[in-house]
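Take a look at the structures below.
Next come two complexes built around chain A: one with chain B, the other with chain C.
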Partner chain A sequence: MSYIAKPKFHHPNLPRNGLGLTRRDYEGAMSTLCAGCGHDSVSAAIVEACFELNLPAHKLAKMSGIGCSSKTPTYFLSKSHGFNSVHGRMPSVATGANLANNELKYIGVSGDGDTASIGFGQFAHAVRRQVDMLYIVENNGTYGLTKGQFSATNDRVSLGRKGQKNAFDSIDLAAMAIQLGASFVGRGFSGDKEQLVPMIKAALSHKGFAFIDVISPCVTFNNHNGSTKSFEFFRDNERSITATDYIAPRESITAEYEEGSVIDVTLHDSSKVRLRKLDANYDPSDSAAALQHIMKHEELGEVATGLLYLNVEDTELKEKMDMVNVPLNSLGVAELRPDSNKLESINKSLR
Partner chain B sequence: MSLEEQTEKKENRPRAPYMKPTDISDPNYFHKVVDCQWACPAHTPVPEYIRMIAQQRYTEAYMINWESNVFPGVLGRTCDRPCEPACRRGRIEEKPVAICRLKRVAADHRGDIEHLMPDIAPKNGRRVACIGGGPASLTVARDLIPLGYEVVVFDRDSRGGGMMRSQIPAFRLPESVLNEEVDRILNFGAETHFNYDVTSLKKVLDENFDAVFVGTGAPKGRDIDIPGRLEVQDNFHIGIDWLMSVAFEHTSKIGKKVVVLGGGNTAMDCCRTAKRLGGEDVKVIVRSPFDEMKASPWEIEDAQSEDIEILNNHVPERFLVENGKLTGIVFQKVKPEYDETGRRKLVPTGDDPVVVACDDVLCAIGQENHFPWIERDIGLEFDEWDMPVVDRTTFQSTNPRVFFGGDAAFGPENIIWAVAHGHQAAISIDQFCQSKDINERPAPDVTLISQKMGMHEWSYHNDISNEERYAVPHAEKVSALKDIKLEVELGFDERMAFEEAMRCLNCDVQTVFEDVKCIECDACVDICPVDCINFIKNGDEKDVRSRLRVPALDEDQSLYVSDTLPTGRVMVKDEDVCLHCGLCAERCPTAAWDMNQFLLKEGQAKNQRQVA
Partner chain C sequence: MIVNDFVIKFANVNGSGSASANALFAKAIFRMGVPVAPKNIFPSNIQGLPTWFECRVNGNGYLGRRDGIDIMVAMNPQSWDEDIKAILPGGYLLYDSTFIREIERDDIKTIGIPLTQLCNERFTIPRERQLFKNVAYVGALTGLLDMDFDVIKGMISEQFRGKDKLIAPNIDALEIGRNYALKYFDCPLDVRVESSDAVGDQILIDGNAAAGLGCVFAGATVAAWYPITPSTSVAEAFESYCHKLRIDEETGQKKFAIVQAEDELAAIGMVIGANWNGARAFTATSGPGISLMSEFLGLAYFAEVPAVLFNIQRGGPSTGMPTRTQQSDITACAYASHGDTKHILIFPSNPTECFDFAIEAFDLAERLQTPVIIMSDLDLGMNEWTTKPFKIDEARGFDRGKVLNAEQLDEVERFGRYLDVDGDGIPYRTYPGTHPEKGAFFTRGTSHNEYAGYTEDGSVNVRVMERLVHKFNTAKELVPGPVFGQDRQDSTIGLLYFGTTAISIPEAMEMLDGRDIKIDTMRIRAFPFSKEVEDFIDSHEKVFLVEQNRDAQLRALLVNECEIDPAKIVPVLNYDGSPITAKCIVDLIAEALAGNVKQVESNTVAAE
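What follows is the complex of A and B.
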């Protein structure tokens, strides 16, 4: 890790967003992760996306569990709220926070251990309930903090650093999220911000559970020959299925594409997602087809990336529960305690 | 025509001119990144000596300067500082590093240097005449005497130093500082002829000299031709002549009301000197707008802080004379107008003329070369402006035995230019005296050395200071104005010098990129505080510049381009505002980035010797 703080000086011509802020204003503390860690690039992508979306940092909360990935919220958006929970328990804390104050945007950052092992049950129910949040898994297929054991997302064929074989099949978290009912599912790569940043922007504008599985190589324990989550292997075997363009609410679409090659989807905040199909047969609104597509690539030893599944019809947790559309933390005694007449009428109805 | 070329021609599409990988083995590439050193005419390794100052190694800092610019104590007080506007720090915050005043710190705090002086080689039998004893001639002497040359210096004044002595007032440059640095060179064994006016170059050439160096400066102050000029003789003074007369203590007072005409550094020295010799109401009156005055901003500031009023856009029209005595000057008010080419014209505003009463006027509107003592039939060509024809690289005139340097070569400049010329002329004279090709110049001495000490440890201090530029403390005004010899600037103390030195961005510690090691993980892009690193598709330079994270608009600043990487992209680093903090190298998992100190020492006559 670096011992010096990142210098305060920035480029004099650094662009400013609608709030008059530069992307430097969205940064956090200096990372203590290994030099070259993919996670730092994911943090940078989040910074870039929030900057471009003109998000006020104080309207955002960062949620995480335990692990290398879960340390990263310290390294971006230092002016946002945050909660670093117990290992694997971020989804339930995020669910609670979301109900208490749905006026904040929630970014959950988790890892393959935190999500696919210890927190797998928690994860499944946050997805199933459609908690309104962006859930990012920084997926490196290894337990970096405990020195490189295989994680549950490590591919069966992927070898350990000293050539050890992996006995178990891997969990595909993107496929799992589609199956569990997430309404926005994508897969990205820490080394490709051109793909990742628009996807994060779209996910932050989406209402409901948005899941992005980001392959984020562990340079220390899982970036060797024989690993399927190394920079080199991933670049050689990644298959982009869709390219995502995020179009802000009042922005006009300028580029022209061949008919049928693009799908425009309007999100709840009236921004648009333009999906350019790089694979002509792909239909990102059909969950069964999407799953099949992902599995097919997996069989070929390839990894499907891009915005894989998007459903803007589904409702999020609070709507499903028919709850008041104000933050619960704003409800006072007057709203929460019915007066005696009300009580009387309830009692009457029960007699 | 190849098939490819034919196709291109048919499609009327030029071949995409991709940027080639940067050749960092070319010394000019990294030299240019060290903006201060590049801008310095003598190419002094600035960041290296600033680092020495921060480490309290003042003697070494002084010697780096002495090697390169010969007069660190003088220049640390008087240099025109071409390095400071070039300083990278000035592009990321308001003010550049106070390079010039740090140089003075090295001179003020250094220890004994006698044992570090060059050995003087046995006489080689060659004799070189230096006409004029100013900075250019002294540099020639400094470079040639140690090589065994017999150097003979002629000067019309009673001591060496030239304009450093005659034109720079003692309150800016104490005599002791000047004497020490001038005498050090003369004590190498120069033969000196002071109070000696050379009236014929031919005569000098007829004497037994192998080469003659002319470093006579630009000694003629420009006069003004307006009505009344001839009637005010007693109270009209040419600025540089008057300053010289003050320096040699022939003049010690002036009238109460003084007008200084002109807006250059000489005007600033004149007005401040006048203020110390009895001038109570001293005004500088200049034709140009204030912003376009030629004087260095800090000298204008110093004059203003001594309550000297500056009137701009005033053109002198005539002198007012009563009973044969100067009583004032009439000025016409003008305003600047610019044509399409940006050329300025001063147009009368139509306002009433302005009358400024005065007892004395100092005319500092420029100075010129003057060569009445050079015969025109000795094979030394003069051009249409009556200036000698001098080669810009070798400083040789059309008479192969005669070399020029300093203001005598190409007109008035500053001390640091004179020193640079002196070094180059010395190289030429040395080559010439050995009957070698004078166009063969010694290569600079260049080293590029990794600064890596550990995982994230470097042998230079990479934590960027957020301090703002320190102001040099000044002597108390009342006493300063009473004593013409009291130095106004007190210089930085050690603590301030340290803080100021820490503002230096270490631009000589270069980011060196090895493309074969890069895994394109983006870590350097993410960490770079000034967004100068990019991984993008190649293109022509204009296109590449426009596509960077922050477009590289300053085309004087280089782009560092790698060879093509596995993803087909190239690494492009805009050198413009790089802080040289080394975080790219700290965050790089494969050590594709490394921080290397680039040290360039300009070739001098002695280097040529070593090669030969």
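What follows is the complex of A and C.
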């Protein structure tokens, strides 16, 4: 870890995106996580995705709870507002922020402790309400800041650093999100940028609750032999079900694939997700089948990754609540306060 | 002959449909221009348990609760014995004489009306027979008390406009009772109602509805809440007024968002998220909800995010008496959350203030960038009060506080979210999405420097914490100030009170006057306390402080926050769950002045 300020100078010929910005413009402060932490790779993937999507950083807000993962929003997008709330309660703060201004994009970053334990209830209800946001769990199966206790996503067969056994079954957050009604559910690996970046780009283009469970090994407390959240275990047991290509609006598709092996889904901003099916039987629009698939791999001691479920038909929170098409935070006295005559007629009705 | 001065109580079975008939009776008296204070005394139950409706009628406008019942309408066999006992000697008992009952008191007058029999003869559907019994006793009362029958008939027509089929049977039911009373009893009784102009332009509304309406006029757009008695009707009133006043005319869409959250933690979390993002948002809750919201309140205090919270206090501790009233969350709210945290409290005394203070609270929360808690209670929130009409000042806009827009940010060399630029302890904030390059900051509950950066530097943390104290002192001048009693008597004795106790004070003062006890009064309306409160205590030898809790919580707050001599402040306490009466206040003060002070536990605690 380091507490040195990041140097501001950079190479003059760094590539620029459609807004004329470089990747450096999307970075944040220097990370204070352990060297090699998976979370830093996720931050880098977010930076890359936002850069490639040409997103204006100030039109995005970063939300988090408490824990190592929740610290990371400081380490990317320094021109975005951020909100590091209380443990497990990011979903409610993000919901409120979303109601106030639905025109911003929201990235929530949470951990397995923050989401699968203390914040399980809030997570479930944010999913159920279809809050328009990208919710990333940086999942390492352990409580890092308090030095390595098991979390609720730690698999039953996974041993602690000193060989301790785990008595309880793990919670599969991706399966949970599908069951609760999230309209975009993916699982990635912090060490696989090729898979993660397009998935984040697609999630940020999706309207509704997009959930990505990112297996992000804790190099200090959960990267040993016997752990099922270690780099090594994951590399050996990951099974990609789909490979995701993100195709920006107006971008042409050049590669050709065998019929039936790809699914193109048009997202709300008219960009496309191209899913290359690595498992021919997989149908990402069928939630029951997706769940079955995840569980089948789990039984085999494998972890299914990729974009697992996608539903572009469901509406998001603002539409469900039938709210006006302008952000509530832009309305002033004239739009919000009835006049004295209205109040006088209310008085009259109370006499 | 007693005119316009009595207490009538209706003893009913919860869920039997009595509430609307009882409300009709109270409103009819109000429509006759006579001040009235109806109170529902209800169990935490949906159907079956005893419930009461107590209504004080007082031409002088003394509408605090008064002990002793002049007229008891005893419709519930379960509570019959207890109800009979509550009648004052010489008072009346109105009962359903279809059933033969033993009445063991000979010092009361009885009015037996065969309500069940009369309704069974007239109505055929069982539910109608049940419901119209209630309307029939109201009809009987119009005869017995000489009430204006046209007024009540008019109200029935108004109530069922559009459902005209229901008008005739309701009026029938009224007449069944009225005609029986006129025929068999000497009407009017020696207690009666007489039309008056004492109500003036006042309105009849409960505090929760007033608070909900106030939020509409305050420009609140987001409400997040979790159902809990007695606060539920704040959110429900907001929703119903929003449907009338906040639908976009062109699209039919909502200029508001109301979320029934999964719990109180989520409710306050949403409120904080929305306020952080520049929408006016509020929540409403009661005791247990305050406990659950405490962590988030600490975050809002430290990260300086506005929030408005209505706490409709009920009887504690724990689940306590959810359907009874108290003022027992003062310390829990003033210091909600761990660490050195304190919050602004506002104490409304009537529905008009629930409305006004809702508007005030949003301005204060945004001006001061901190939570503001409005401390109502069940008596105020869930009962209808005779209260002054609502008014707004159209010239006054919303005070959104210190928020920088893009142009202003361009002029700032380096934006510091927690910099005290103006020396009042209040920094500047920005909404997300304002400026592409400047003004972004990281809101956090961790210790931070003036630029919102994380720090573990103790001296920086002390600086931030000191500024928060400075800001709290600034608040003293901005919150609603205390109100002095109208007749300052320059006594050596003072009396402090707050919230719903106010309704009993004028009557208590008159009673004390009768005993030749002169007292100066001051009503506290907010925490932090302004200097006037301290001066009032300083300028009196002894100060009584009336509270509806066990531990004299406001006294503890005064002792803790002000440079005053604790021994001077004598608690006057009532916490049985019923609204405090003038008689209770007077008796406790008189007793204390006679030297028989009952030592309250908290005296010693507070004095340490």
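The criterion applied here is as follows: the second predicted complex is superposed on the first by the 327 of 351 C-alpha atoms of A that agree within 3 Å, B and C clash if a C-alpha of one lies under 4 Å from a C-alpha of the other, contacts with A are read in each partner's own complex, and residues count from 1 in each chain.
The working rule: contacts are C-beta pairs under 8 Å (C-beta built on N, C-alpha and C of every residue); 3 or more make two chains touch, one makes a residue touch a chain.
All figures in this text were calculated on a predicted structure; none of them were measured in a lab.
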- Item | Touched partner set for A:Glu232, first chain B, second chain C, both or neither | first
Margin query: Per the contact definition in the header, classify A:Asp322: touching chain B only (first), chain C only (second), both, or neither.
Written below: second
Of chain B and chain C, the partner touching more residues of chain A is C
| said: Looking at A:Leu331 after the superposition, I want to know if it touches chain B, chain C, both of them or none. Which is it: first, second, both, neither? | reply: second
Query = Where does A:Gly38 make contact in the superposed view: on chain B (first), on chain C (second), on both, or on neither?
reply = first
Q: Determine, under the contact definition given at the top, whether A:Lys79 touches first (chain B), second (chain C), both, or neither.
A: second
| message | I'd like to know which partner A:Lys162 touches here: chain B for first, chain C for second, both or neither. | response | neither
Tell me the contact category for A:Ala100 with respect to chain B and chain C: first, second, both or neither. second
Which of the two partners, first being chain B and second being chain C, lies in contact with A:Leu350: first, second, both, or neither?
second
Per the touch rule, the chain B residues reaching chain A in their complex are 91-93, 456-457, 462-464, 466, 519-523, 525-527, 529-532, 550-551, 553, 566-567, 577, 579, 581, 583, 586-590
Counting only contacts in the complex, chain A reaches chain B at residues 1-15, 24, 31, 34-38, 40-41, 43-44, 190-191, 193, 217, 219-220, 223, 231-232, 235
Note: in the complex, chain C contacts chain A through residues 30-31, 201-205, 213, 216-219, 221-222, 224, 245-246, 248, 251, 253-257, 259, 261-263, 265-279, 281, 295-296, 299, 389-392, 394, 397-398, 430-437, 440-446, 454
Per the touch rule above, chain A residues touching chain C in the complex are 56-59, 61, 63, 73-74, 78-86, 89, 91-101, 103-104, 121-122, 124-125, 129, 321-325, 327-329, 331-333, 335-340, 342-343, 346-347, 350-351
